[in-house]
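Dropping the structures in below, format is structure tokens.
One chain, chain A, appears in both complexes that follow, with chain B as partner in the first and chain C in the second.
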Partner chain A sequence: MTTDALTKEFQAIVGNENVMVSEADRQSYSYDAAVLEPVVPALVLRPETTEALGKCVKLCNDNDRPLTVRGAGTNLSGGTIPDPRGGVVILTNSLNKILEINEQDLYAVVQPGVVTATFAAEVAKRGLFYPPDPGSQAVSTLGGNVAENAGGLRGLKYGVTKDYVMGVDFFDVDGGLVKSGSRTVKCVTGYNLGGLMIASEGTLGVFAEITLKLVPPPAAQKAMMAIYDNVDKASESVAAIIANKIVPCTLEFLDNATIRYVEDFCKAGLPTDAQAVLLIEVDGHPVQVEEDAAKVVELCKKVGASEVKMAEDAAQRDALWTARRAALPALARARPTTVLEDATVPRSKIPAMIKAINEIAAKYKLDIGTFGHAGDGNLHPTIMCDRRDKEEFHRVEAAVDEIFDVAISLKGTLSGEHGIGLAKSKWMEKETSRATIEYSRRMKKSIDPKSILNPGKIIAGRG
Partner chain B sequence: MPDVKQLARLLMELDDQMATCMKCGMCQAVCPVFAETMREADVTRGKIALLENLAHEMIKDAAGVQDKLNKCLLCGSCAASCPSGVKIMDIFLKARAIVNGYMGLSPAKRAVLRGMLTRPRLFNALLGMAETFQGLFTKPVNDVIGSSCSKMLSPVIGDRHFLPLAKTPLHNAVKPMNTAPGASGLKVAFFPGCLVDKIFPRVGHAVLKVLAHHGVGVYLPDAQACCGIPAAASGDQDSYDKLVRYNVDLFSKENFDYLVTPCGTCTATIKDIWPKLSDAYPAELKARISSITERTMDINAFLVDVIGVQAVENGKATHTVTFHDSCHLKKSLGVSAQPRTLIKANPDYQVVEMKEADRCCGNGGSFNLYHYEISKQIGRRKRDNIVASGAEMVSTGCPACMMQISDMLSQAGDNKPVRHPVEIYAETLP
Partner chain C sequence: MTTDALTKEFQAIVGNENVMVSEADRQSYSYDAAVLEPVVPALVLRPETTEALGKCVKLCNDNDRPLTVRGAGTNLSGGTIPDPRGGVVILTNSLNKILEINEQDLYAVVQPGVVTATFAAEVAKRGLFYPPDPGSQAVSTLGGNVAENAGGLRGLKYGVTKDYVMGVDFFDVDGGLVKSGSRTVKCVTGYNLGGLMIASEGTLGVFAEITLKLVPPPAAQKAMMAIYDNVDKASESVAAIIANKIVPCTLEFLDNATIRYVEDFCKAGLPTDAQAVLLIEVDGHPVQVEEDAAKVVELCKKVGASEVKMAEDAAQRDALWTARRAALPALARARPTTVLEDATVPRSKIPAMIKAINEIAAKYKLDIGTFGHAGDGNLHPTIMCDRRDKEEFHRVEAAVDEIFDVAISLKGTLSGEHGIGLAKSKWMEKETSRATIEYSRRMKKSIDPKSILNPGKIIAGRG
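On to the complex of A and B.
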């Protein structure tokens, strides 16, 4: 079918105003938050009902049109960059209803375009808690969170998005609605198809409804900051805290470069010669929280923190977190382009990883600041550069390759939470195996024979 | 058809600034236009991407980009929260000058900007005539707010409940002034701004009353010109330059300690935009501009921070008022505590905070004219928050917001007065 005829068919499904054809509109869906070349889609659709979403998927398949579902477009791996062969973008931001919040059975049912923070706030109003809190939560969608298995600051204690997905109803390529999971804690009815959708990046099905688990919120929390003149001591503190059976809800790390940029940016009062800062928060029952907090302070001091500060009230707690919140803005302001990486290693390997990153930075003459989630070994080495400088950007690419090599050699992983998308698919086999890729491709081929579901992502290739 | 290559070359001047946008998408959380349309091309990230593509000759449809660029309130909400610190307002204003300069102004805009705004005396005379006749076509709809609507003019103005031109604009009610400092030892230049002069002269009278009370000398020259924001926002660099030069000449004639305005938009324009758009000016003009901008202050900030007006809370307040933070006052100038203090300086008034007090009201100057439906949707949210606060009236430090909020309240049939903080404070004075 010609694009014109197809456009009319899509208009009949979603309404004229929800089919975007103008050059300006289409160009604004050619990129996401990854530092990659944009690709302009042929059409952009915005279904307003679940039914219309299913019909759009089917029509794409019938016409051999690759489709890319887009939430807020904040993923950092090119997951929403459309296919160059007449790709269609399907927006979920009109599918943004919270369908149910069940306070008795502790679950919620949502459409995929609901914004994470909006959902968390609605849940909190009812005295419940949805823990996954990616840094992008003010705009990211729950569909995008499930498709990327997004993490956040609370991952160590509360887990990541996958730990809250009870079921996903999704469209297959023929527009059939596949139901998975249930509203019960236990469910073994058939394959765990909902599980298959997690981190699938839009390549295996198009989510229509998601059932999410809710938990009761912690009654109290306490935050502290420990400063170190040596990365090993920070890492030993993390090990000591966990060995003492304390699981903080957050355990964040800033390296020396990040500390210097943060100080420069917002004068948070950090010593610029410190080699590492840990920001720690414990939560739970008030009595337990007091005990744990005291213990954490003691442990950090014992291991050799040069200073440990405990927040005494909400204002002080907020002040402590300023440094962590400022990390990305501080690094992002330093140079035009910010390459935010996501290499993750077992937590005991953090000092080795930081050392390797600093060596790579020196070797390629690059500025790299590293911060991240020390509790789960998920680091964000952030390279400050200017992608318009071709020579420099080659060095950046070479450095990224080496960072991944080191992460894999330390038994870590390419990506803790930002996904594979287009950006990292070429490294997939290195971390896994040939068989993993073949198995994944066969599965994809049988689910999506024409390869219309977000082709090129994760396992590369169309076909 | 303009030469796209040359347009691209001009836009490349902004490339360094645009390259700092890391496409994180966080601006989607705060942009009031995006909240209504949910289209990426309407949010900062999309607009910058389109401008970059135009600069790099990757897009053909320059008019399409112009359209998206102008669909913006210039409210600065995105700039205030951008993690990458992108100089968004610089980019947008300069891009408007380049793109609109290239694509040309619409005939209607040209007539208003070039034919009237840049000629202050003619502008005043024409509007004076308009006031005489406006009663023939319009009818009052809300006495408390003072708004009108017009069936006959509806093809032009839609279903707006607008505030009519004042019977006697400020410039006719008070003679030009040049008084010496009184007890305060200070002298200010007073720049009422077009909206206060022509629609809310009562705010101008309140300012003069307060200044006199505090012994502040006033320089109020005749025939002041518009601050230039409508021209800058339309990308009409010629008219903008004329207005700035005219005002700079006028206010360079006299010595004063501060230049004060009761209009958040005028203050932000003079303080932020005049220096921003002065790259091409001769050094001598630049020096005079910075001498004025350094001394420019919002009236609320002047009264509280310089004169030292303080809140009086004696528990006897009989009126409740909720305060709307104008984008220009809060996000561009960081003025948000002072107007509240000024209201509380009147012991009869108690401030009741509304939800999202600093969310844009949707006026955005000419945005309201060209995108009235979206402007109205944004405005309704503001109206709902005002009503939900339960306060009996609303106050805000910018007459453009006063107009938008009046329209929204009036259309919803709410009898809530809309007032400037300085009016509330002036009530306490003899």
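On to the complex of A and C.
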């Protein structure tokens, strides 16, 4: 069917106003937050009901049209870049209903297009807590969070999106509704298909409804900043805190470059002459929080922090986290292109990883700011560059290659929380195995024989 | 290849002493803890190395021999009953090495045949904690726990096996090693195949190595027993505790029948005239534990507990949990056959579920003792019967059918923690959908085209 004829069919399903065909509209959905070539989709759809969503999927499959579901497009690995073969983008932003928040049974049921921060706020109003807090939470959607298994600042204590998914109902490529998981804490009825959907980047099904676990919020929290004149001492502090059986909810690292860019960007009061800072928050019962905070201060000083500043009130605490959240935008405005990586290592390997990143930066004469979730071993080396400068970008690519090699040699992983998408599929086999790729491809092929569901992502690679 | 010829090939891989061919040996592996017809395997293998395990899998596939991997055979849904078409059983009990316990990075790497309790004890020696504690933990294996997504008593606060699986390396049906997950807290490299292995009952791969998350142990705990002269008040207490944002690590329910059988079995000091008891443990920081315990006592009394007895020391605490763990053996010795179900509902639906179970028991004139993980909504209605009495067993089957119908109508699930196996696959579609079964079958077929990996489990059903 021609795109024009197909347009009419889609209009009948979602309404004329929800089929976008103009060049300008389609351009808007040609890229995401990854540094990759844009691909303009043939059509953009915005279904307003779950039923319409299922019909759109079926119509795409019936007409051999690759489809890419898009939440807020904040993903960093090209997972929402449409397929060049007349790809269709399906937006979830009208599927944004919180269907249920169950206070007795501690779960919520949502449509995929609900914005993460909106959901967390609604949950908080009921006196409950949804911990996952990816950097893009203000605009990212829960469907996108599940499709990417989004992480965030609270991963160390509270885990990531995966740890909150109780069930996923999703459309198979033919529009059949597949149900997995339950509203119960325990469920082993059938394959863990909800688990399989997590981090599957839209390649195995289209989410209709997601059931998420909620928890009671911590009664108290306390944040602090430890300042170091030596990077190793900062990373040793991380190890010391964990070894002492303290699990902070957040344990973040900023190197000197990041500190300076953040200060320049938003005057957050960070010490620009420090080689590194750790931003730490402990939470829980008030007595435990006091004890843990005191212990963290003691440990950081013992390992060699020059100073540990305690946030004395909510305003000071907010200031610390605003500074941390400013890291990426601050680095991003330094140069035209920002390559943000998320190679991740077991947390005791952070000193080795930071050392390697600095050596790689020197070797390739690149400006790299490193910050991230030190407590998870999930660092974000951020390369400030200009993609139009081919010679420089070759060096960037070589540096990224080496960063991955080091992470894997330290028993870490290519991607802690950003996903594989288009950007990293060529490295997949290096970390896993040929058998892993083939197993994944066989599975994908059986579920999506015509390669309609967000093709090219994760396992496309080098054939 | 004939079984004799194949025997020689297997002997070359695992050694003569690890290939069992005698009738008596094979009989021992013809059944598991489910109430189902035994099936005698053609051969039983006990590989001693991961490499040999992989070769056994490949040899089975090359010779069209269905294989069933068996840990301790404690599963309750027929997941380890071999295939009647000359099935091979592969034992994991010689693959029982704890390869690493990493205290800095809070993970462990194990072979699949490590016994759960042995592992938990080794972890405890290092001052760490592995929370999942299925009822069979004294003999069950970690590989079996992952294959079944085993639950246990601590699910309410600490989750189930699923929540501790960081990675699984497994053999595909052709003996290729598939790697999924990582030693890092965060990992999104490729499909969540480790997640897919969870609860897959040996039908999608054969586990080689499992990476498990560890946590710091709670500093203190306190156990208590709340006694009720009315079942509804017990289940209302569960709701009241959760609604007050207290998350006990354990919150167990025993009905009057269970209490009487347990007392008769082991003189645990349970009140035989009570209609129900709740056994509750809170853990965490000592101050929090004191506060939570006091609050739980207050709530239980307010709702209508006639008495709440606090365990004053470790011996009294152990006695409570010994009594709880005696529930199944106590009920099991009452009659020749014990049908132990695990239909699970959102926890606020426990009063409705208990009421329905009692009505079903009366309707079918059956003796049903109900106990279980009330905090999870995961009850174990246990039907005491005699399978040889066909008339009675028809009533048992009708009762089980109705129990599942009620659980599903209450937005619950067929199985909270026992798995689908052979026993429940015919009910799968009732809870999920036709599309779910077909999606699962397509996936299974692509991964295991000749149906070698534990065939007939989960999705065999009614075609």
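Methods note: the second predicted complex is superposed on the first by the 451 of 463 C-alpha atoms of A that agree within 3 Å, B and C clash if a C-alpha of one lies under 4 Å from a C-alpha of the other, contacts with A are read in each partner's own complex, and residues count from 1 in each chain.
In the analysis below, contacts are C-beta pairs under 8 Å (C-beta built on N, C-alpha and C of every residue); 3 or more make two chains touch, one makes a residue touch a chain.
All of these numbers come straight from a predicted model, not from anything done at the bench.
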{"item": "More chain A residues in contact [chain B versus chain C]", "value": "C"}
{"item": "Partner chain in contact with A:Thr338 - chain B first, chain C second, else both or neither", "value": "first"}
{"item": "Contacts of A:Tyr29 with chain B and chain C, given as first, second, both or neither", "value": "first"}
{"item": "Contacts of A:Lys125 with chain B and chain C, given as first, second, both or neither", "value": "neither"}
{"item": "Which of chain B and chain C A:Lys365 touches, first, second, both or neither", "value": "neither"}
{"item": "Which superposed partner A:Ala243 touches (first chain B, second chain C, both, neither)", "value": "second"}
{"item": "Touching partner for A:Lys390 - first (chain B), second (chain C), both, neither", "value": "neither"}
{"item": "Common interface residues of chain A - those touching chain B in one complex and chain C in the other", "value": "none"}
{"item": "Chain A-facing residues of chain B, complex", "value": "15-16, 19-20, 22-26, 28-29, 38-41, 46, 49-50, 53, 58-61, 64-65, 67-68, 83-85"}
{"item": "Residues on chain C engaged by chain A in the complex (per definition of touch)", "value": "102-107, 127, 148-149, 151, 155-156, 159-160, 162-163, 172, 176-180, 182-193, 195-196, 198-200, 204-205, 215-217, 239, 242-243, 245-247, 284-285, 287-288, 291, 344-348, 373, 375-378, 411-420, 424, 428, 431-436, 438-440, 442-443, 445-447, 458-459"}
{"item": "Residue ranges of chain A in contact with chain B within the complex", "value": "20, 22-25, 27-33, 38, 46, 72-74, 91, 93-94, 117, 136, 138-139, 328-329, 332-333, 336-338, 386-388"}
